[in-house]
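Dropping a structure here in structure tokens format, bear with me for questions.
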Amino acid sequence: MESLDTILCIAAAAALDVCIFVLLLTAYRERRSSKKTWHELSHDMVLTEQNVTYELGCDEVLIGRHASADIRLPDLSVSRYHAMLTVSNGIWTIHDMGSKSGLFVNGSMVREAVLHENDLITLGNRRLIFRKRRSERVR
Amino acid sequence: MYANPVAYVFSCIFVLIAHIAMLLNVYFNGNYTEVRDVAVLGAAVLILDISYFIVILLFKQTSYVLDFLLILVLNMSFIFQSCFGKVGFDVKHLITCIVCLASCKAGYILCRNHKLLQDKKPYIYGGVIFVMLIVFVFTSPEDMWIRIGSFAIQPSEFAKPLFILACATSIADQQKKHKILTFSVVYENLALLALTAIVCLIQVKSHDYGSLPTFLSIFAAGFLLRICYPKAKFSKKKLIGVIALVIVFVLIGLKYAPEYVQHRLHVDIWSDKTGDGYQQSQALIAIAKGGWFGVGPGKGFLSNVFAFENDIVFATISEEWGLIYALMAIFAILVMTSVPLVNPARSYYHGTISACVCAALIVQMALNIFGSCNLIPFTGVTIPFISAGGSSLMVSGFMVGMLMAAQSPSFKEPKHKKKEADVPTWRWQE
Amino acid sequence: MKSIRRTQRIISLIIILFIAGMAFLVLKINHEADFYMMNSDTHQLGFVYDRKGDVLFDGTGQGSYPDNYFLDIGNLIGDDKGQMENTLVARNLQKLNNYSFSDGLKKQGGKAAIYTTLNHEANRAVFNSFGYMEGCVSAYNYKTGEILVCTSLPSLDVTKGYEGLENFKSGTLLSKNMYGTVPGSTQKVSTVISAVEIMGSAQLFSKSYTCNGKYTNRTGNDIDCHNIYGHGTQNIQEAFENSCNPFFAQLIEDDDMPLEKVKKQYEKMGYVLNGGKPTYIDINGIQCETASTTLENSYEFRTQWGCIGQGDTLVSPIQLMMWQSAIANGTGKMTMPYLIDHVTDLNGHEKEKAKTHYSEKLFSESTASTVKQIMLTNGSDRYSYLISGYKVGVKSGTAQVDEGAKENSLLVGFVDDPSFPIAFCILIEDKDSGYLTTEQVAQVLLDNLKNNY
């Protein structure tokens, strides 16, 4: 009788264990689907510089020279916190964060600008292109 | 928006299986006189499960895993609470669980659009101060509860989610700097510091040393995430210096703490088994009696000890269900707080909310468990979701709602702003 | 993104800290559950056995035993009633409880037990040899540290309960082996050790003093000798055998025995000097007093009297016995005594097997061999016909207690035989109340141990 108690107890704990495990698996599945949702929300845009691609993974992306910036451009012509990209309603906007060398979108200096596909962003000596992510298959 | 239907069906099934396994354990091992008691309990649990599964279909969320975890933990706690002492039907706890689920959804709806909240920062600050004023005026060190008829609420609990919202911040806010002399300062950080000071002072004044560490940990998490964006580099050396300073202050504070605090710190529970150490020593004995697998639901003796269902609930569960099961229950809550690690938030505002919620929940758990097991001084804090108590469950539910919001955010500007043209045009000028 | 990752890092830090705390808590509970359980009101105690499996304590209370079966070890083994705190069972209740965290409290057939090193048969024989006299005897294997005999009279049979507690003779509820007593001339062993350690054996043997039955020291107090006619001029060996007080008083006064060095050596040997904080030897949880004396001025009566073993000096018999081990081993290190050989848990698995431990070095090897030789010569000169069949090194002592109203007789010594390494200490209280001598007890003790070894 005593062993039955223990077995039931272990069974209950095991069921809970398995349940937590399944929920974790679900969480991992959702990670993929929520990434997809995010790509839809953000129109799947990226910043590219020559052959480097910067993901835009959240709704506020800080660009600058500082180590804590999301996109770090180690170049003295770039301010520590140079510009910030934000998304809302699926529209990306870039703001100047009070940089020394200014922010240029398609060659014209701006404080704040709505970005469109294939816009050229110039921060100091660095040039970034704002474009849609190329799907792997095309390449 | 139901992106993973198969995973959700499986989640539902396994949550139900986990609860059924618990109910079987109650049926075979439990201490009850009539089978009807178990049947009623089981029916209530399963009905609540299934109805919640249906209700969450109405919410179009990107992520449902937190809902499943929440219902898993809440029904688990409902079964625990119903079985303490004797298998029964804890109506009060069932109602508070439903309230908790409702407040969770409320929290989700309120927080999912962070732009909305960011505009209302002053109201949030006002709310915290308002709640603190209520604490200050209506409660005394002897009685931290406000009684309205047969209901008793603990107002300081309600300050927690508001305080978390006050601590949350976006990167954009942190870049709004102002120069004071030579320092560039974000005004909001100063305001938060002042708010924390007020909260702490009122907590100390009302002798609520249980909530104080929770508030401080929320503040610490929030503040750490704020100071990452100063113009001047906040180096690791300085950070360690600040932490050392805080520790020194805490030590000095403890040294000159009032008499009753000192007493709490130094009580030796085994030499004062019937006095101040009664709850803790009984809790530890109960854990020892329960062993790994417990004595069986409803068969424990700890349900005769004061505050068995909230302050020393970990020991009560350990005794009746076994230490392994108690640890698993705690683990389920831990998994809940670690969901943001699997599925990261998409905005800094939600990220800071997740970190603060995580700090609040885990610090409360730690205070309760380690306190009742005599690792740290005993404070009357509750384990979120597991302990009985309306205010605590409601607030914990709201906090999980915040986590949920971080998982399924919506990025929409408030309506009053003009919508800009969404026509990408191809331009290339150099 | 870096900023989001920062929030995740904080979350993982908090979670890791919490998990570490939980792990510590689980380990702590697992480790201390026995202790928690002892504080609850339900116990299920097991047995205490001697080295041959003879029952010394029955925690179940269900077995039936002959009358006074536990009388000889009653106040050493004790019970769980809370009357005797400084006993084996009271101090080791946790080990005796049929409980473990993974198995819970076993109501029936638990095998938790303590296997002691005692020899119940020899112990009982020694106990019975006392007759109506009172005192205590302890003996142990000075190579391993196993306590073989440890008995104290008067004693009680714990199975009979504590009815009429107020009529019990004083000292019934404690083992006298563990408490300080006036050592009498057995203290001279310590003094000789100090002298050899300070002067070296050659110089000590070159010294000789005269005893006229009485010695007036430099501050004008008289040190009496038990031989009122005096022993004449003697060297250390003769004085040791004669147990001559004036000789030792003069030795203490000697300029080659500076008090500072004597004090240092005494402290090394475990004496608490001049009213310091008492120290204890731990024998499986049982607290055993060490030794204390007064050493203030070499030329004063009190100090000299202390070194001779009277006055303020108090030494527990166990401590006296342990010094013998340091001499007999020839290493100058005491073998630490223990009572519990091993413990079994409720499933019968053996655990906590005892190991032999040694103390710090109290004195050098050469000192040990010199003192050993002095004691062996004493044994062969004076005791070969009293304790027959063994090569013993001994020192007797007579201690005046109750301000000289009573005299206790003591005998400390060791058997110099590698195959039978026994050190012992025998105390007979109020020796004039009967005809029992310590040598007779020693003979009984050694014979019984030899037969059962």
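The chains carry the letters A, B and C, assigned in the order they are written, with residues numbered from 1 in each.
The rule is simple: contacts are C-beta pairs under 8 Å (C-beta built on N, C-alpha and C of every residue); 3 or more make two chains touch, one makes a residue touch a chain.
Predicted model only: the values in this text are computed from it and were never measured.
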Selected pair, greater C-beta contact count between A-B and B-C: A-B
Farthest chain relative to chain A (centres taken as mean CA coordinates): C
Chain A and chain C: spacing of chain centres that average the CA atoms, whole Å: 75
Averaged-CA centre spacing for the pair chain C and chain B, given as whole angstrom: 58
Between chain A and chain B, centroid-to-centroid distance (C-alpha), Å: 28
Multi-partner residues of chain C (each touching 2 or more other chains): 1, 3-4, 6
Multi-chain contact residues (two or more partners), chain A: 57-58, 60, 62, 68
Shared interface positions of chain B, touching two or more other chains: 171, 228, 344-346, 348, 351
Chain C partner contacts - residues on chain B that touch it in the complex: 171, 217, 221, 224-225, 228, 270, 273, 281, 284-285, 287-289, 291-292, 295, 323, 327, 330, 334, 337-338, 340-341, 344-346, 348, 351-352, 354-355, 358-359, 362-363, 365-366, 369-370, 373, 375
Complex contact set, residues of chain A against chain B: 4-6, 8-20, 22-31, 33-34, 36-38, 41, 57-60, 62, 68, 80-81, 84, 86-91, 95, 97, 106-107, 114, 116-120
Residue ranges of chain C in contact with chain B within the complex: 1, 3-8, 10-12, 14-15, 18-19, 21-22, 24-26, 28-29, 32-34, 36-37, 39-40, 99, 101-105
Contacting residues of chain C [partner chain A, same complex]: 1-4, 6
Chain A-facing residues of chain B, complex: 1, 3-4, 7-8, 10-11, 14-15, 17-18, 20-22, 24-25, 28-29, 62-65, 68-69, 72, 76, 115, 170-172, 175, 228-229, 231, 293-294, 296, 321-322, 324-325, 328-329, 331-332, 335, 339, 342-348, 351, 407-408, 411-413, 419-420, 422, 424-430
